[in-house]
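Paired with chain B in one complex and with chain C in the other, chain A is shared by the two complexes that follow.
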Partner chain A sequence: MSANTALAEKYRNNFLKEIEEQVEMGDWVKMCMQCGVCSGSCPTNFQSAWEHPPQELFMMIRAGKRDEVLTSTSMWNCTSCYNCIVRCPRKLPITHIMHGIAEYAHRIGLAPKMQATRFFSGLFWKNATKTGRVNELKLSMGLYFKNGFGSGVKEGMKMKDVAIGLVLAKRLNPLELFGGHKCKDQKGIQAMLKKAYEIERSRKAAKMAG
Partner chain B sequence: MAKHEYAFYPGCSSQKGASASNYLTSVESMCKTLDVKLTEIPDWNCCGASIGYAEAGELPRHVMNARNFALSEKNLPGQEIVATCAACWLGARETRERLTHSDTLMADTREALKEAGLTINEMPNIRHMVEVLIEDLGFDEMKKHVVRPLEGVKIAGYVGCQTNRPFGVDGESFENPQYLDRMVEMVGAESIPEYEQKVTCCGGALAFSEPEKAQAQIKDIVESAYDHGAEMIVTPCPLCQANVEIYQGQINKTYGTKFNIPVMYYSQLMVVAYGGSAKDAALNGQMIKARRLEEIAAKPVKR
Partner chain C sequence: MADIKVAAYICKGCGLGERLDADALVKIAQKDGKVPLAKSHDFLCNADGVAMIKNDIANEGVTHIMIGACSRRAKTEAFFFPENAVARANLREGVIWIRPDTDEARETTQEMAEDYIRMGCAEVKAMTAPAGNAVTGSSKTLLVVGGGVTGMTTAIEASKTGYPVVLVEKSGALGGWAAKLYKRVPVHEPYKSPADTGVGELISQVLGDSNIKVYLNATVAKTDGAPGRFIVDIATESGATHTEDIGAIVQASGFDLYDMNKLPELGGGKSANVVDQAGLEALAVAAAAGDGVIRRPSDNQPVKSVVFVQCAGQRDPSGTHLAYCSGYCCNTSIKQAMYFKDANPSVDTTIIYTDLRTPGNGEDFYRSAQEKGVIFTKGKVAEVVPGGNTSTVKFHDLILDDKDAAMLDVDLVVLATGQVPNSGINIDAPAATAEEGVVEVKPISILNLTYRQGKDVPQLKQGFTDSHFICFPYETRRTGIYTAGPVRRPMDIAQAREDATGAALKSIQALENAELGRAAHPRSGDLSFPKVRLEGCTQCKRCTVECPFGAIDEDEKRFPVFNESRCRRCGTCMGACPVRVISFENYSVNTVGAQIKAVDIPDEFSEKPRILILACENDAYPALDMAGMGRNEYSAFVRIIPIRCLGSVNTIWITDALNAGYDGVMLMGCKSGDEYQCHFVKGSELGRVRMSKIDDTLKTLNLESERVRDLEVAITDIERVPEMINKYAAELVAVGPSPFKGF
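Showing the complex of A and B:
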């Protein structure tokens, strides 16, 4: 049984409980009073409209619309501007709930595979934790070459002027491709993160079993 | 001994050859004038930023920040941690808040830190450099060192998101913070308090992953600065600086605009006003050159 099937089975007919137990800050969802200030304060919802803005996602969770929520591209539109958090009259940590739902959907394999920000988010975390520090050149290259070499060159060409400008301003170093900045105690960082993932996994599993 | 000492968390983008290396150069010059001593936390690591969320989970993300706290406590005991980057500051403050409020999370964090031979006994204070300037030094102290006021330069103070929300600077409103405008006036330039895009989001990491969305926001930020007659934009955030500056060419292609406005750090304005050279202020680090500041920086200093 896949992780997703097991979770769907365990929380059958109680998607709200699933979100409360498995998603970071998920226990806040029930506090939403559907005023819509979050949706009206969101910069990306304003210009291109999320499929389901935050307040709508909260109601869908309570209505048990599991697949629609977890496969949605909506949460991935979050720019982490925190406008929804500071304006929410019920003080819901909406930005964190959006990140939390997205992370959960990604973790159990339901997040839309080709969503660009989902891809970039994973790429960023791997880039940063590999050596302990971000390698900006490898990060950008990883993004542009995500669909293979041909389209990578095309994407890279679009960014040519930006890249040249940054190199000239000494804010992008081509040599970062061969090493670059890193932490000394990379071994310690890897061991520490491995432990953190272990603990987090066992805590979520305990909740599911409980 | 320096007047003020802090444990310094420069962050990935401030490193040599990285996107905000000009920020660090100007902060170092500024701190020299103000007698602020920053000691880099040895072997500090990335904060995870907001955008790492898909894989970061909760504990791994907090553990990354906690490692920096532990290194600071071990090597620079008793010093507050100062970050120049908005995301580093936000990430670290958020971890501090979560660990302080949850004994379980704190215990789990300690267990993971053990694997790296580290521990936390005391939770450090996490400050942004602008908090240090405003709260620990104050506007009078900052102004005292101005020997070359940026007279007649009109500057739009773009605060952005993460130095402003969800924590922000004490005493400032989320919707219309005033401190950056006051800093602009402090260096002798003309501020634009009614600049309505001062807390608009630049798109953050979406500038990489979904550029058309981010660039629509950046367009509003730049356009409004022009509408108010600004000659340049100033910001306290490395990602705001990069996003608002480096995509102006692409925005011009998409929208038929003719944007070419410099985007500076507050520290660069201060260094020039304090009599520093273009090099001290890292003006060569701008993709869109700030000619007006370069001219001022070349003038002799009134002492």
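Showing the complex of A and C:
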């Protein structure tokens, strides 16, 4: 049984309880009074980026719409500007709840796979933890080739003038593609991350087990 | 009339001396006003000026005083001569403050002042000092009808103030609805959990008070008389009748819940597991007596999920159910959801609302419910489908715009149905025609008044008792009878207790004033009252029908019988009387008529039109005064006479004015209709009905309909009222001068 089906089974009719127990800051969801100030304050809202604004997500959680919420791209669009937290009359930590729901959806494998924010977050994490330093060239290349080789080349060519300029200004070193610079104590970093993974895994496992 | 001696005093203070020719005004008073004693004074309202008037009263035998100074609304304490008839010519707010201080304007301004002096002299001669009503009663006992929270609070508050109380309760026990509650919405910090009702304590306070006489299982069989001297028959279950002498009455007859059987689509009456809020209180009380678990009625199993349906049969725009919001039900449902959550947090409690309204400190209570895990869903419930032991609640989720949202397997549905006032018979309703086969349940009278106009106090909208909602919320349209609590408007316990306290104090005022023979409200302290010359009465019954306060009964010969203590002194009867036999000592067809005739009407070639303004003293006249205070200018051609109410305007005044050559008449009264602002409730409405027939008069005089203008003026129309005057004055120029000038 996957983590998702196990949790779905566990909480059956009570998605709100699931969110409260599994999602960081999830116990705040019940306190929303549906005033909509968060939605009105959200800068991404102007670009129709939200499928569901925060207060609607909270209502969906209360209405038990588990799949719609967890597979939604909405919470992934949060830019962490904290406008909603500042303005919420009920003092809900909305930004944190958004990230909490996103993280939970990711953890149990329901988050939309190719959602740009999520894809980039994964890419960034892998990139940064591999050598202890972010390799900007590899990171941006990874994004360009997100949708395959052909589109990657096509998108890359659009930016070629910028890239050449950067190379000439010595802001971009093509040789970084091969290895690149690293932290001094690579082993130490890996050991530290391993320990951190262990701690988190045991904590989440305990949470999932209830 | 006995010997009268009139004195006129012209003040020169506040700039009057500089702007007006006071000596000329004194001469006008002597020559046109025919006043034997006329004086001017530099500062009439100071101690010296007042002493001068008092000296004249004592030594010169002055009985009638005409003061030409500020508005009658100003300096009322300085110019207080209760033994004398007093008229005031408004030279300050009404003349110099509304006219520009220029040489061109000086002539018309002076003419305006001269006319006001003529009018004041004419008015005061037609007046006598009011002596007060002689037919008074002195009962200090308060009757409280209804033994619920409102009634008991009224009784306790009145008793604490030192007034004996008779409390009549229909049922066998005190407490009313509140006694049936398990707990109440909290009224003290931290507003987090339901609190004890405190009704038990109220009941023991009432029962332990020797000043409060309680009749249980009793109703009011008859209420006769007037404030200060009501005679009330109280019928008890045994069939015995007790008669009590009563000074004033507080009707706290409360409410019934809207009948949920009228809501079959919400499952009302279709399943034992669908209850109203009172039904849930009963379940909670039963649970508290047992193991504390609320059980569903159908099979006595513990309730695991409960849905509260807000606005059930309320705020209904279609007119089928209640049109209004009862205001307390949101807090009540929150409280009831807590009954479940406090006992067992795993019970699913959902409140489906469209607009959650939690007045007072309800916001904290609401937040507390959210913390406890009560789910609030914004939606409109379409249907409750009972099936076996559970129900399905179908609703339109308004946040998610999901028209087919549903709650399944709900053990208990609670409908928040709201309050319907228990206000007795609607005396204004047309007699219902009995439909065949339909058994109409007729409302039972609460007070059984012997008043000519009907057995109960009049109602406004939705059956709540009529009161002046803005200014005098406790006053009904029956003097000395106050309504308090949910019979007046929907409310919760906290509001009802506040209401009860207010009503207790108002009723005490009423009975004290009644004993002194003066008006209680809104002309508090007024000693005048309507006098009728019965020899001239034609028994047309207009006064008895029209009196907004039911003050006038009819005797066996169908003559009007005035109950002065019930009267509010509006003069509607005086305005209604076609033979003009009703008058007050200081306000009559003559006092106003004499003023109208006293105005000097220049001929048609002078280009000085004259416009008569009859302005309601409660709203329009203060607005005009305030326009003066703000130095808003208006036409010098108007002559303003304050009237007690538009309802007191007798059409003879209009006819007289037009015959005398006035070019136009403006009537300024308050807003009428359902949203009325008239201090006398129906006065302005009745006045307007009368005035709507003025066209016939104009036709017989062969005059244009523009000559009479009926206007709605509120006290806030300070800047609008000068504009209205100037606009009308300009319109009249187009109409041309009245053809009646110079006759």
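One rule holds for everything that comes next: the second predicted complex is superposed on the first by the 196 of 210 C-alpha atoms of A that agree within 3 Å, B and C clash if a C-alpha of one lies under 4 Å from a C-alpha of the other, contacts with A are read in each partner's own complex, and residues count from 1 in each chain.
Just so we're on the same page, contacts are C-beta pairs under 8 Å (C-beta built on N, C-alpha and C of every residue); 3 or more make two chains touch, one makes a residue touch a chain.
Just so you know, these numbers come straight off a predicted model, no measurement behind them.
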Clash or fit, chain B versus chain C on superposed chain A: fit
Partner chain in contact with A:162 - chain B first, chain C second, else both or neither: first
Which of chain B and chain C A:173 touches, first, second, both or neither: first
Partner chain in contact with A:106 - chain B first, chain C second, else both or neither: first
First (chain B), second (chain C), both or neither touched by A:66: neither
Between chain B and chain C, more extensive residue contact with chain A: B
First, second, both or neither for A:56, with chain B first and chain C second: second
Contacts of A:118 with chain B and chain C, given as first, second, both or neither: first
Contacts of A:77 with chain B and chain C, given as first, second, both or neither: first
Where the C-alpha centre of chain A sits as vertex, the angle toward chain B and chain C in the overlay (nearest 10 degrees): 90
Minimal inter-chain CA distance - chain C and chain B, angstrom: 21
Contact residues of chain A, present in both the chain B and the chain C interface: none
Chain C contact footprint on chain A (complex, rising order): 16, 30-31, 33-34, 55-56, 59-60, 62-63, 65, 90
Parts of chain A lying in touch with chain B, wherever the complex brings them together: 24, 43-44, 47-48, 77, 79-83, 85-87, 95, 99-100, 102-103, 106-107, 111, 116-122, 124-126, 128-129, 132-134, 136, 139-140, 143, 158, 161-162, 165-166, 168-173, 175-176, 181, 183-185, 188-189, 191-197, 199-200, 203
Footprint of chain A on chain B - complex, ascending: 12-13, 15-22, 43-46, 48-60, 63-64, 67, 108-109, 111-118, 161-162, 165-166, 174, 200-201, 203-206, 208-210, 213-214, 216-217, 242, 246-247, 249-250, 284-287
Partner chain A, residues of chain C touching it in the complex: 356, 366-367, 370-371, 373, 375-378, 397, 399-400, 402, 405
